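Remarks on the structure that follows.
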Amino acid sequence: METEGKKRVWEEYQKEIADDHYFYVRSCIRQTFFPGSETTFLKILQNDLKKDVFEDARHTTCTGIGYHTDIVPLETTMTVIARHFALMTEAGYVNIIPSCVTSFGLYTEVLDTWRHFPEIEAKIREYLWKATKREFKVPENLVHTSDIIYKFRNRIKDLSKVSLINKKTGLPLNVVEHIGCHYSKMFPQSGVGGAEFPAVLTGMIEAWGGTVIDYPERRHCCGFGFRQYLVKANRGYSVSNSKKKFESMQPYQPDFMVANCPGCSMFLDRWQYTIAEMEGITYDSNGTGIPVLTYEEMAGLVMGYSPWDIGLQMHQVSVEPLLDKLGIEYKKEDKYLGSNGQNIGEPQKPMFLIV
Amino acid sequence: MHFNLFVVPFTAGMLILAILLAVRYIKWLSDLEAGNRNEIGGNLFTIKTLYAIREVFMESLLHRKVFKTNPLLGYMHMSLAFGWFLLIVVGKLETFFYTGKFANKFYYPVFFRFFEPTPHKSSLLLAFNALMDFVLLVVLSGIVIAILRRFRPRIAGMKKITKHSPGDRLALIALWLIFPLRLLSESATAGYSGNGSFMTQSVGNFMALFLPVHQLAIVFWWMYSISLGLFMVSIPFSRYMHIPTEILLIFLRNWGIKTKDHFSGFSEIEIQSCSRCGICIDTCQMNSQGKNSTTQMVYFLRDYRYNQLRPDLTDNCLLCGRCNEACPVGIDLTQHRLLQRKKKEFEIPSGFKYLPVNQPVEKKDVIYFAGCMSHLSPVISRSMEKIFKTAKISYLFLDKNGSVCCGRPLKISGQFEAAQKLVASNRQQIIASGAKILVTSCPICYKSFKEDYHLNIRVLHHSEYLLELMLQKKLALHPSGKKVVYHDPCELGRGSDIYIQPRMLLSHFMELVTIDQEKENALCCGGSLGNLSINPEERNAIQMATAGYLNSVDPEIIATSCPMCKKSIAQFSATPVKDIAELVVANLEALSESQKSLKHHKVGQTIEI
Amino acid sequence: MKDWGYSILKGRQIDFENNDFSIAEYITKHEPSFRWCIGCGSCTATCSAARLTDFNPRKLKLLIQRGEIKGLADEIAKCMLCGKCQLVCPRGINTRNVIQNIKRALNTCHAL
Amino acid sequence: MAINSQHIVIIGGGPAGLEAASCLGTAGYRVTVLEKEKQTGGKLLIWDKLFPEFRNSDKVLNHLSNGFKTNPPQILTNAEVVSVIPENGQHRINLSDGQAFQADTVLITTGFKLYNAEKKEEYGYQIYENVITSFDLEKQLKTGNPIRIEAGLTPRRIAFIHCVGSRDIKSGNIYCSRTCCITGVKQAIEIKRRLPDAEVFNFYMDLRMFGQNFEELYIEAQQKWGVTFIRGRVSEIAENKDNSLQLKAEDTLSGRPIKMSFDLVVLLAGMVPEPRTVEIGKSAALEFTSGNFLAGLDSHISQNETNTPGIFIAGTCREPLSVAETLTDARAATVKMISWLRENETSHKKSLIKRDND
């Protein structure tokens, strides 16, 4: 692999990322899958990096799931998104940072549509006014939250307590980075490093001491694909796609995966369990599976947050093997303690996957 | 008395031969199909047996067919076979008259002159003596030709000569030595005892001038006996097995046995009857035009005999049947090639579930089946449709929208079972139509319909059918004076004996010219479906040569009656190549044209097609 | 085993690295013209069997060369060997012998 | 020795330029060839063997340099033209180093530039060690050294990818570069010649064998050398753990996606116009084709004339052409130039005579 060439590609895809005063928009599904991630993101930005991040409790779904499953018409989606812009404008912000790649993609799509068809924008403004009596300015800077972490990766490195290195061997960890399709495949210019060799996660991993694995199916979709996952009968497609990726990355013996998309991190994690139960296969050497982190969780660990505070107990594939490699101290018994100190109960053990 | 140690090799040889032959004959006869044995029983005491004897005499001894191919070659075979036969018969008679009794030690006549050195007095015996010398002379002349021919085939009118296996060579040399040695031993004996005749005595006297003939004689007799013994023993393991086997073959064949779709004891006898004369090499277009002289029947049968048959030797044959016509032994060669192609591994009869079953078929008295190939030369089926119309015949075009293959292509590539599935499908359709006449334009289909379909209705190739229509005055054809040469399709000519009908039809309205190689000896167009593994170059070479040959009589039109032949020849022919049906239609149309403007025509004016 | 209501699919992708080329090699050895195809499809267009059933000699040949030989025996059994394909092939491929050798190969290389 | 005072400047000392120079020289004109490189010969210098008969490129180079027996042209190397300005019936040619030339007529033969394959990011040129272009391969072939991949091993399986940067709206070039197909076939055979045991696969959209003996070479590649042609455009290349390359394409003729691994992948990069050609063209107010090549006056009857009288074009600066076509094109251009010069000369004289009479 000749990184020179890659660098040249990355230089072509530099995007402007505002460095403060963000209007934060949450993801619908992550709060249930990996609730720690967004909290961790806010902690890091507000407490550690001393950034101004504002979020509005009134903000709703971007309708991405509905839109991509063809049950919400484009105009509705645009109006809902216009409302988010309105909330942002009212709060006096110009930089919007969705935490969800689907939302990010959709926002980008909407803004791009308006750029080409001002008449549609006008119509949407009209709809929004009729529906909510709100007005908005289009954001000056739209980036995904992973772009923010990417921007501050070196600051985080300076403040970090842990680096992505195997304590026992002293060697950098092998990390698989997975980029959500909607991050840059639709609008390569909108992603750091473009669509072919996105640099957003690579940047973090390398900055924090890990090495990135470039495996053949790197580009491949995790398999979420809305219709594929949401219709039970279609889930075979979804899991097959993930399987394809796992098979392709297995020879590289990754220590963990990191994704920047709610769906991806969810499926790369959960499908390992499904495949294990269906076919008795795992893609690591000792049957525990390959841990999957969100980039916020990865940042959190690097910053030395407690694994249980950032919600790693919510993962299907147990993260303990990874924590051991990183040499992070943790108490097994604390794993299932709630914030109130009460035990929240343990999930049922899978038949095959070792947890 | 009448014994000397040197007779042992000969005697032993004879015994071994006798035993081996007995064993083989018993095996083969027991391998005959059940039906065959009844046939033998039924025919044993009929005139057929006499025919057989006559044929044995004509072919095995006189080699009539070989004579036909080339007189010198014929003389060579005759002098050896018939000459040797006479030596045995006359020799036996000689001893009979000498000893007065018929039963003697069986080697006694062979070495008669050794055992009876005292010169004869009686003029009868002297005559016999002379006769024996003469016959020996004839045989020796045959040997001389054989030896020359080995080194210069053209002497006997052959371009290519069989390449023999080592076993065969050994036998050949033994055979060549027998008679010269006989000459030497008898001469040597004559040299000191004076019991020789005009040849042996003179050679003997000459030898006696400078050789100790008395001591030498015994040495020559030993060598003579050894060479005889050696040859006898080698017979069952060499091509000379054909000598005893062919006789058996001729009888069985005359009793009405042939090789059908199964390999039987008779097939084995046929194969063993091949003398490897190599006549099939020259007649084969794969050799003469395709420049491939390794795939001919003689090699096929040889390799089969020594169980070292390679697939390509089985596959690389046009199945044109020219070798059948030429084979002096009259073996059904192509049938054997076909039987060797018959392999279980190819049979997947399950594949034809998609074939139409019990589909309703329109009821008609006449059905027309164009055949797969005709669909690639639609001019043929179009012509037939016009002809039916003109002749006012209500018919059904059974495969108008494409054919289900007749099954023969599968069969001739060894897939008999699979072929049956196609046969069944088409057969059902044909019968359902209630037709009384089935007309086809494809000789391949024709042969298949005739032989494999067991239809009890009339099956006609369109060349036959058109002739009928014309004779029934349903088609008015008018002389055009165009010079036409007719190409016999293999499957129609040699395959189904349809030679006359197309010629009668053509000569009725065109000037039909003959060409040397036609009818039984017609060339194959090269397009044959019979050959599976022929490469494009070989195929083109044959197509080109055949087209060239037909053009050599510079006709205005080359006529044929097979879509495949039409395609193959047209590819390389300057002269237009037309199917017989096209020519009929052209003639009819020319006529109707002329009728429109009849007043402008003078009486008796011929019509151009 | 619990019922998931869906299953892991085997992709349609031709996985060249893990495919079986024994048949293709056998045929190429015995009938080299097997390689000459340019996929024009005239064979399938004229095919007597293709008129009546789902049979595609061009595609079949291609899949063999890609090492996709599952169900090959059933497919090849549909051929009537009538030889029309051989007459129309612009590259002069000995199609009937190819078919014949596919059958041989199925026997010598595999019991499929 | 020039027998005609009129001065012709040829911009570009590649095959087209040199061929034209020798023709015009023989016709007795005073010719100056301006070559931006330090040596004339253009892309032919890189090329090893020429399709379809594998003739050594030196043969053509020799022909070009031998063309100057009588009345050789003045050849300036390292002469980088920046602009061509029409000036009172003549043309002023300005060089980057400040030099300038006057010419009665100008022939532009600035050739083409190889499409920058890095732009097809999905193919990972300059990212994966064993992805190279047809140019890189040709250079390697010219050395005569055995073909090796980065790790110094002999490649066992090689892929050629056709239409890289051609017939591809994503790369901005919808035109066909014409010569890549046959180059792919030629190079595939050259690889089989040197590595008989290697497997060679060509991934194509259409094979455009337009030239004499091109189709024959394609057949030879299949029949004699056993090169496999797969109809389908490669969608992406990824690197396996062992640095071999995983290709994904649709095997369109079987209607199935296909995944294969290769030791070496050769991108048949297309032809694009030289950026300098565009500058020069603009300076002389010339028109351009949709592919941004220099446009001829008429696509049938005058491909070598331009909308600016006295400026002519030939070779691959006006459209992708093979070497043979380029030379033919150059010769054709010279005929048009000569007749143009004759007319102008006479009209020039006429005007002089007219003035005398007044």
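Letters A, B, C and D mark the chains as written, and numbering starts fresh at 1 in each.
Following the convention adopted for this analysis, a contact is a pair of C-beta atoms (placed from the backbone, for glycine too) under 8 Å apart; a residue touches a chain by one contact, two chains touch by 3 or more.
Everything numeric in this text was worked out from a predicted model, so none of it was measured.
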item: Neighbouring chains common to chain B and chain D, by label; value: C
item: Per-chain CA centroid nearest to the all-protein CA mean; value: C
item: Of C-D and B-C, whichever chain pair has more C-beta contact pairs; value: B-C
item: Interchain centroid distance [CA atoms averaged], chain B/chain C, Å; value: 38
item: Centre distance in Å when chain A and chain C are each reduced to the mean of their C-alpha atoms; value: 46
item: Between chain A and chain B, centroid-to-centroid distance (C-alpha), Å; value: 84
item: Chain C residues counted as touching two or more neighbouring chains; value: 11
item: Pairs of chains found to touch, sorted by chain label; value: A-C, A-D, B-C, C-D
item: Contact footprint of chain C on chain B as seen in their complex; value: 311-312, 315, 345-346, 348-352, 354-356, 372-373, 375-376, 401-405, 407, 409-410, 413, 415, 418, 422, 529, 532-536, 564, 567
item: Complex interface listing, chain A residues touching chain C; value: 232-237, 239-240, 243-244, 274-275, 277-279
item: Residues on chain C engaged by chain B in the complex (per definition of touch); value: 30-31, 33, 46, 48-49, 51-53, 73-74, 76-84, 87-88, 92, 94, 96-97, 100, 103-104, 106-107
item: Touching residues (chain side chain C, partner chain A) in the complex; value: 2, 4-11
item: Partner chain D, residues of chain C touching it in the complex; value: 11-17, 32, 35-36, 38-39, 58-59, 62-63, 65-66, 68, 91
